[in-house]
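Each of the next two complexes has chain A plus one other chain: chain B in the first, chain C in the second.
For the complex of A and B:
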């Protein structure tokens, strides 16, 4: 009887799974393996060179490729926005979780940039950041004028190679000349603006509503202040949510930056907004070096995998209290 | 009783009580209003700029001195915006339909049916969620070249009709449905298809709706894949059309803003209609399997 039941399930399962599973094999699992295989070749769609298996040559080239390291650094720099956005989401969720009147209206408004994100909004930001005529610099200049700092120049945003650490664009050292807000920072700010009220805020809101009220009351009876209650009661309760959000944000950050670069900056000025994703796109779809692009894509995948693994191991200790 | 509760506590100045009762909320509201303003101002600027004459876009004053609703039809005259609209909605509708079908069926197989190797296959699905899109994009592109599907609706629709994330989401939703329901249906003599169609699917409706909106949204705004796949103007989707408009006619900021407004208005309508179950869907999608 049991066996018969199990067999019917298996047949049904096959039927239910098949459409999705075939697509999964053809468009996800297969391509992953295929791209690994191709990364050991010099395959070029324009056939400038005869096809050849070249072993680890792509990877060896990549590790001495100055561009690769530069774009990797850019990717990491652009991820400076990740902790800011997460902290902002948490702060917004804490504010909204107070059962205020109009909470749903706020939540709806905050979610708007996430929901409408895409090329249209990026084109909007391109205009907002216009250094000479854009409203951001208009407001900044007005503020500078009001406090009597007319001589201070507003940032040139998307056209500027300035950055927060004063790094020379060729990465040859730190110079005061390049200190300030530049193209990368403009993209970071835009990302934070988009993300604060988005999915992470909703996840924190759900997690906050699950924190048992008794814990807060107990902490208050023990005389804990607002900050102490947050630090020792709320924050530990949010740990699984934070864990999930950090993983997803870092994965997103490492493979991100493509749309921004393509729509807003073409990766410039001087390549400082080119992330690994945009580099892979250029190698694969502009230069048609499928082999080399696949190798870079796999290195990116391994980076993400390594990060996830390490984070998982570290967090597993923390989460199993 | 209520009157007594409203009296200030003895020895506490009235202002202190008011502050304790309301002050925190006033500060919270002030911060929230500030945040909401930061969120909304760019949108407001976009709408206002879309009604300006071109010469005025660069003016400091955000209010147009002369309202030009004619900017909107002008967009349709300069680029085949209607065609891009249709392409985006057409492709997104097909992808949404196919993805919801395949994902809910697979989700049912993972959540409600018992079969050997189920958990292994599911872990395989989960593992692929970590793979960056660019890794699969390159082989998929060469596959499309081989199948002569470059520059076609099929090339846009078919590869997007299967999703590990959607399968994961549907499985999570279906796991929350009590197992006694399909056991009852089995006793009534229902087969797996009837149970799926008449018991599970109706109960998983909130999850399905959330998946529908996510998929529609993702496809409507998808950029990378149409960018590499589509070469000819009549097949451009909205994001690609917008990029083209920006590159070729980039100086006409007022028209660009009008196009951007038209691009996101359907999304805002969709969001307002669906936000209730969307929030639930997002929150459930993060629950660990």
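For the complex of A and C:
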């Protein structure tokens, strides 16, 4: 009787799972595997070339493709904001975990950018970054004027090819001419602003609420100050959450930059805000080189997978679950 | 298990309800036609006129799926539109090669439409590919020089007259470039959209490809001279905004290019642009415009362009789609588009004075200019040996570097030429049939 019941339950469970599982197979796993197969072909949606299996040719070409490496560099550069965003999320979570009146309102306000439409935010930021009439440069110019630096020009933001390392726009070397804040940095700042109050903050809030109160009390009894308590009690307790956030942020960073490039910069000026995600889009849907785009997508996947594996191995030694 | 059965039956019931109340394809008894095109203020009137003339059809606009990538991907997936726009000869070749565009040659003969005889010469490359006809142009255009009469009057400068050269134009443009006391610009003397760089290339005698398409020529002295002149307009003569200054002037949203908006807002005294700009510029209150044939370089000829509409090979309503193509060639559509000023109507013989002037805008005294410059129009160049989308990306990047003064024009064009040649070699390496064709044309092996 019990076995029959168990079997009926199992069938019901499988039946409930089936639609989702079939959906996953058809719409996720299937296309992913299809893209792997296609990456070994010269498939071109325009049919300018007869379809052929070309083995590892796409991958071989990719490693000598200067554009791929340049856009990979762009992607890594854009990820400079990741640690800042994580630190900002933690700081916001620490602030919002205080027991104050109206805290729910503050938390909602901080989370607002996450559920606001991305395109709307980007158009707003485009106005903020207007070099002559935008409020950001208005404030910067006022500050520069206040300290007597009128001759220093505020950044041209989205229209500028300047960057923090002074890299030439074609990556042919470093030069002072391109040192400063430019389009890449503008996108980083926007990303940090969005990420600080996002899901990472919620994860840290949840993690902070799980830190045993008695640990804090014990630290206080031992005479620890606020910083020492955070450094030696709270922070270690947050390690598993931080580990998860770092992994997810790096994955997001390596896959990111598409919306910003599409809406704000079209990958420019001169390709400096084109990330690998936007490059894949261009290859697949502007140049119609589906085979090559699939190869780039799989190399990106392998990079992400390798990073996650290394990070997991290194962090596992430090973490206890 | 009972819970599953109840849920399943409930979901099936909901599905049936949703199916029963789904929105219909169109009014009952009418054949629905979907046209993928850009949503500009003129398009809806063009659709309304077609629906009025063809009561059996219900044509609707789908602006969200505009773009070659979407049309090809959707059509390959079996959910493409019935009609879609084509913006370049390269796009036409792509649609044909992707087996998306339907060969209309015989259908148009039966419908009494003669593309070769009726349409502007510059528009033919947008619908004829390897001798076969795949659509009909929706408009055609050769740019001219727009000018803001208000700024000319304020500066005490008489309105320009053609024909004239860039050397004659430059002193005028310098006088028309005015800065405020704080250094901010009041209005620039001149500008053009960066994508229209071939306008200059043509006048300097430059080419993107050789006539047979086997060689890339963007590093030829003529092409470099054209790009140098464009660079000088910004950095030597200082009559045109740099990209950075353009971005500072930019406004958000709306239809049309940024140069149109700058002209409309009185931030430019003159600009190279098409007649279709009027679709936007007519909305600017109190804007007094004039137009004159553009100044020319060593050659008096101008890059021209068009837009065409093609029929989807897998459309279930191809017969009705052909009716739409016939409508594009007819007097009603041509009169409407000529009066809307959405470029010039595709059929050359309807571009008469009577048809071009819109009675709602009696002050517009420049329409004949846009018709007359069509005689100097030069169509876009393509090569079968390289993917034009890749070429566009390469050139856009290099020209962006030039416009931002990050690279000398000669270096940029040499880099572009090298990259295009590399791309050409790659294409030939992968396509033996194309390689044979290349060898037959050049008498030598692939590069």
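As a convention for this text, the second predicted complex is superposed on the first by the 312 of 321 C-alpha atoms of A that agree within 3 Å, B and C clash if a C-alpha of one lies under 4 Å from a C-alpha of the other, contacts with A are read in each partner's own complex, and residues count from 1 in each chain.
The criterion applied here is as follows: a contact is a pair of C-beta atoms (placed from the backbone, for glycine too) under 8 Å apart; a residue touches a chain by one contact, two chains touch by 3 or more.
Keep in mind the model is a prediction, meaning the values are calculated, not measured.
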When chain B and chain C are modelled together on chain A, clash or fit: clash
First (chain B), second (chain C), both or neither touched by A:123: both
Contacts of A:64 with chain B and chain C, given as first, second, both or neither: neither
Of chain C and chain B, partner touching more chain A residues: B
Chain B versus chain C as contact partner of A:133, first or second or both or neither: both
A:160 touches, of chain B and chain C: first, second, both or neither? second
Which superposed partner A:259 touches (first chain B, second chain C, both, neither): first
Partner chain in contact with A:151 - chain B first, chain C second, else both or neither: neither
Touching partner for A:270 - first (chain B), second (chain C), both, neither: second
Against chain B, colliding segment of chain C, chosen among 60-68, 384-392 or 420-428: 60-68
Common ground on chain A, meaning residues reached by chain C in one complex and by chain B in the other: 8-9, 12, 15-16, 45, 123, 126-127, 130, 132-133, 285
Residue ranges of chain A in contact with chain B within the complex: 6, 8-10, 12-17, 19-24, 26-32, 34-35, 38, 45, 92, 95-96, 98, 100, 102, 106-113, 115-121, 123-128, 130, 132-133, 135, 138, 193, 196-197, 199, 202-203, 206, 240-241, 244, 251, 254-255, 258-259, 262-263, 277, 280-281, 284-285, 290, 293-294, 297-298, 300-301, 304-305, 308
Contact footprint of chain A on chain B as seen in their complex: 24-25, 28-29, 31-32, 35-36, 38-40, 42-43, 45-46, 49, 57-58, 60, 62, 101-103, 105-106, 108-110, 113-116, 118, 121, 124-125, 128, 130-143, 145, 159, 161-162, 164, 167, 191-193, 196, 217, 221, 223-224, 227-228, 238-239, 242-243, 246, 253, 256-257, 259-260, 263-264, 267-268, 271-272, 275, 279, 282-283, 286, 288
Chain A-touching residues of chain C, taken from the complex the two chains share: 1, 3-4, 7-8, 69, 72-73, 76, 94, 97-99, 184, 243-244, 246-250, 252-253, 387, 389-390, 393, 397, 400-401, 404, 406-407, 427, 430-431, 433
Interfacial residue positions of chain A with respect to chain C in the complex: 8-9, 11-12, 15-16, 42, 45-50, 52, 54, 123, 126-127, 130-133, 156, 158-161, 168-170, 268-271, 282, 285-289
